[in-house]
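The two complexes that follow have chain A in common; it is paired with chain B in the first and with chain C in the second.
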Partner chain A sequence: MYMTLSRKKWREGTLLIPILLFLCVFFLIPLAGLLLRSLTEPSFGLQNFEQLLATSTYVQVLSNTFLVATLVTVISLVLGFPLAWCITLMPNGWGRWLLGVILLSMWTSLLARTYSWLVLLQTSGVINKTLMAIGIIDEPITMVHNLTGVIIGMSYIMIPFVVLPLQACMSAIDPMVLQAASICGAPARTVFFRIFLPLCKPGLFSGALMVFVMSLGYYVTPALLGGVENMMLPEFIVQQIQTFLNWGLASASAALLIILTIVMFYFYLKVQTDSPVSTNTGA
Partner chain B sequence: MMMNTIRGAIIAAACCAGVTQGYAQESVNFVSWGGSTQDAQKEAWATPFTGKTGIKVIQDGPTDYGKLKAMVESGNVQWDIVDVEVDFAYRAAKEGLLEPLDFSIIDKSNIDPRFVSDYGIGSFYFSFVLAYNMGKISGQPAGWSALFDTETFPGKRALYKWPSPGVIELALLADGVSESDLYPLDLDRAFKKLDTIKKDIIWWGGGAQSQQLLASGEVSMGQFWNGRMFALQEDGIPVGVSWEQNLVMSDFLVIPKGAKNKDAAMKFLAYSTSAQGQADFAELTAFSPINKESDSMISEDLMAFMPTTYADDQVSLDYKYWAEHGPDIAKSWNEWLLK
Partner chain C sequence: MSLQTNNGTSSHSPLVCLQSLNKEYGNFTAVDHINLNIQKGEFLTFLGSSGSGKSTTLSMIAGFETPTSGEILLNEHSLIQIPSHKRGIGMVFQHYSLFPHMNVRDNIGFPLDIRKIPKAERDKKVDDILKLVQLETFADRRPSMLSGGQKQRVAIARALVYEPDILLMDEPLGALDKKLREDLQDELRLLHKRLGITIIYVTHDQDEAMRLSERIAIFKEGKIVGLGTGKDLYRKPPNAFVASFLGSSNFLKVKVSGPNSATFEGQTIQLDSEHDVPFNQQALLMIRPENLQVLSEDQATQSPIQTDENEAFGTVNESVFLGESLTCSITTADGSLVTSKSIATDLPEIEPGAKVRLRWKVQHSSVYSKWERSDIEKDAS
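And then the complex of A and B:
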């Protein structure tokens, strides 16, 4: 019995060979080649990493990157959670429509969406003009070309990536469980924190992980909505690759980002033992 | 069986025909920045060039320095002619990424010597000018010192984001450094001057963004490419331009090392830098011709918008200095930005 099962599994595994080969040739090998440059350009050694970590500017760029990714993740979760719950609770059909709207926003060009935020947020933009017309503010608020702009723009783009796994997770929760808790006398707060939230954990974690990792490598939105004083690592890498052809330093930055991400992923797996991509409720 | 043989023969014949046809027609890949600039390059250079020589010009883009380097390193060079910024042209030449130009085919006798080197020749030249939104600024600011005078001319300032020739020089000029003493650049002095308006600066990374900033009134004044300001004025937006101390920049056309159609590319450069080619391109864009013979061929109305007309106010940037010291300047630049 065991033999046949494992053999079956193995045979299914062989079906993966084409895609593994594809990934190896078109992803792993080029990636390794790129990362090797960090050690070989301009000469063999760790000088690129040394330069990165010894220069306070570069360290600041790195910490900016993590700060923005953290803020965006937290905000996307806070806004995405009620949205996902809302979609789950909607009567049949309506929830799917709402999900459709969210998906539609993901299919629209990223550049167009980012520019739209610029139009809305700038000092002569729609939001500032409206607020001033109503008399809430006297002077326009600076909401773009700084950290605020980056956070608003990126959170907006990232929310679907929280909502999708979270909604899948929530819809799998048996409402009877929540009902049972209430019947047993738990107040709404307790039901939420002790029953509902733990059941949503896998969705929350996978959404957060996805958003965090994607935010670390985000380029267009910070470049357009941010100010240079909050430069993030991707922009620094583009500058080194494009303008100065300094691929050694750029590769070292990329390698550093990948290593830090892997370390964090390791800790994530320690905390969250379920598969980060599965949507089962962990029950 | 018979059917298969016939079908095979037809396919083989069709393939041969395709190949011979491809052979008969020479072609070059031309790469530029896209948008209205590349459209104009196509109209002014590619179309008449194909008509004259029969060499097909395939448009590609946008220019990507990283891609160029990767192509040359891998030995599989898809691009034959690339429009690049001048400081990059010098840097790439130093790194051995470019083919030397053949001046027996390209005539450089009438080319302004500022815009030709062994490895690249001007595509066009333009100026960084001081421009302002007339709805936001009263009076007529002139020269880079006005940019730093936020009391007389209130509002945000737009400056070019990348550490390339321009911002450092204009800060030094505004601080009273004379044109002849600009190089070597006194970075500390420039940053100190820029510190006085640092909180008012909004950085732009591309032409469309710069136009959006000024037209919307998000900034009242800034450092812009003259061609982009010409386009705004054409659209009826109240934009004023001061040509005093305009900073001359240029784009170069280069041939990546190992380009497959090198000979055709040289012929293309000969045409694009000819008096006619340069004049036609200028008419479409208000970017200045690098061929001195072209000036007389351009309509008078347009001349008012072209750097050529303001030659006495020009400050030429030292591209070679930037090609050499660019990475070091960028390091201090980033340090200053993040401070």
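And then the complex of A and C:
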């Protein structure tokens, strides 16, 4: 019985061949070619990686990238959690409407949104002018062309990627489970930390992973809102290729990003072994 | 009302007391000024169809809903201002509502952890209750790896482990199949006997209510329309709604002619003791199908009518043999439709079209002066 089932599954698996071929030809082979350059250009060896990890300016780029990705992830989670909760609790219809607004922001051109932040955040921008008008600050704060600008702009772009999985996760939580905890004697705080938050864990994890990995490799927003002295890894890669034609170092950076992402994903799968969401109704 | 007894010791005063409890959602009255006393150790069932206010009442006792007005007393202390987590009430939900991210042991231990019970005592209590609900071998499983019946036993254990004053159960067996439901009903009844705990049970299933409870409160449109033991409510329903809701019943339109007599289709019949129907007014006579004896003309002449019996004439429409019983659908002389049900051990065949006599004992009939069409036509619909 089991054998026939697995054989049947295997036979259906052959249907995957076209897409696997496609991926192989147009994704895996070029990727492997690119990554090979990190080992072969200008000569065979690990010198590109050595250079990347030994030069202090390059290490600075790496640590910038990690700092920004971490902060963006934390900020997106902190802002996205209440937002997702809000959407979940909204009475009929309104939640979907709110979710629509969030999706709409995702569908708007990335460039347009990033430039809007430039308009808002720059020295003569709306925010600085308003703050000065009400007398909170005396001179404009520099919020753009530095890491502050990058973090603000990227957090804004990443929030939907936290909200969507988190909201799906939260709406699968049976509210009666929370009532059950309450009647068992748990005050609201305990219900939140012992029941609600653990049940949101899969959503939090997948949202955080997605945002962190995306932030590591994000280019447009850091390029527009960031400064020259606070470069992030994707900008660095572009610079190496376009300005210095240093394919070896650029490929090594790209390889590093991919390896880090795979390591992160490995740990994610380790931590997130079971998904309580699927059994949330207790049924 | 019950609080007016000033010499009453705590054993006499009710454990839970609902006073003029009212819940409105906008214009809709879900619970309409209910008064109810629940004694310590009692198994009381709220029985009613959906939307009758039984679950809302339970939610108000649990603290999930705030009453629009009225009072809930537990041990003579008001519960209205107390949040549900401080009420010390146990509750079992229809869909179990176990914590999916904890194993069975931690689910049951959760209320004890909240109360900061020392670890050793906590583990002992959890083990004891696991034994009580016969789930020792499942202690380390997640709820998703349990069957419905096992889940509900975990839910019961979780609600009992901190020894609450009352256990509320909101259709706890509604999601289980029939066989399992009956097994758990028996278990629950035994558990109640063993622990002597007060249980308020909500169900829409009248068999379940009869099987489990000591007292039944029948809800209709936010009001309690019948309160008493299952036996009393079945044998002497206080109104036509209870009569038709609980079991099946025949309703005959009669005209009251005296303190214990009435006319039915031109014949004088006797009524049971006192009733509140004014003379010469239409009333509704209720007889349970199993209290209606069907006799052929021959049989009727052989066994004369007793002094405490009434008799009516009718024609058989149909008789259906159901194994243990035989049901007969009969049209009376003036066209009322009645059903009889008799134990089919050695009953003669009753042919459709046969003229028969219907007999019933006076004490087996109830008479009502007021009723609504919907009350008596429930069976037909």
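Observations on the structure shown:
Operating definition for what follows: the second predicted complex is superposed on the first by the 273 of 283 C-alpha atoms of A that agree within 3 Å, B and C clash if a C-alpha of one lies under 4 Å from a C-alpha of the other, contacts with A are read in each partner's own complex, and residues count from 1 in each chain.
The criterion applied here is as follows: a residue touches a chain if its C-beta (ideal position, glycine included) is under 8 Å from a C-beta of that chain, and two chains touch if they have at least 3 such contacts.
Note that this is a predicted model, so its numbers are computed, not measured.
In the superposition on chain A, no contact is made by A:Glu50 with either chain B or chain C.
In the superposed pair of complexes, A:Ser124 makes contact with chain B only, with no contact to chain C.
Touch criterion met: A:Cys184 reaches chain C, while chain B stays clear of it. Using the contact criterion defined above for the overlaid structures, shared-chain residue A:His145 touches chain B, although it does not reach chain C. In the overlay built on the shared chain, the residue A:Leu224 is in contact with chain B alone; chain C does not reach it. When the two complexes are overlaid on their common chain A, residue A:Phe244 makes contact with chain B while staying clear of chain C. By the touch rule above, chain C contacts chain A in their complex via residues 62-64, 83-91, 93, 95-101, 110-111, 114-115, 142-144, 148, 151, 155, 158-159, 162, 168, 175.
Residue ranges on chain A touching chain C, taken from their complex, read 174, 176-177, 179-188, 190-191, 194-195, 198-199, 201, 274, 276, 278-283. Those residues of chain A that touch chain B in the complex are listed here as 55-57, 60-61, 118, 122-125, 145, 223-224, 227-229, 231, 236, 239, 241-247.
Within the complex formed with chain A, the residues of chain B that make contact are 64-66, 69, 88, 91-92, 95, 156, 161-164, 202-203, 205, 209, 212, 216-218, 326-327, 330-331, 334-335, 337-338.
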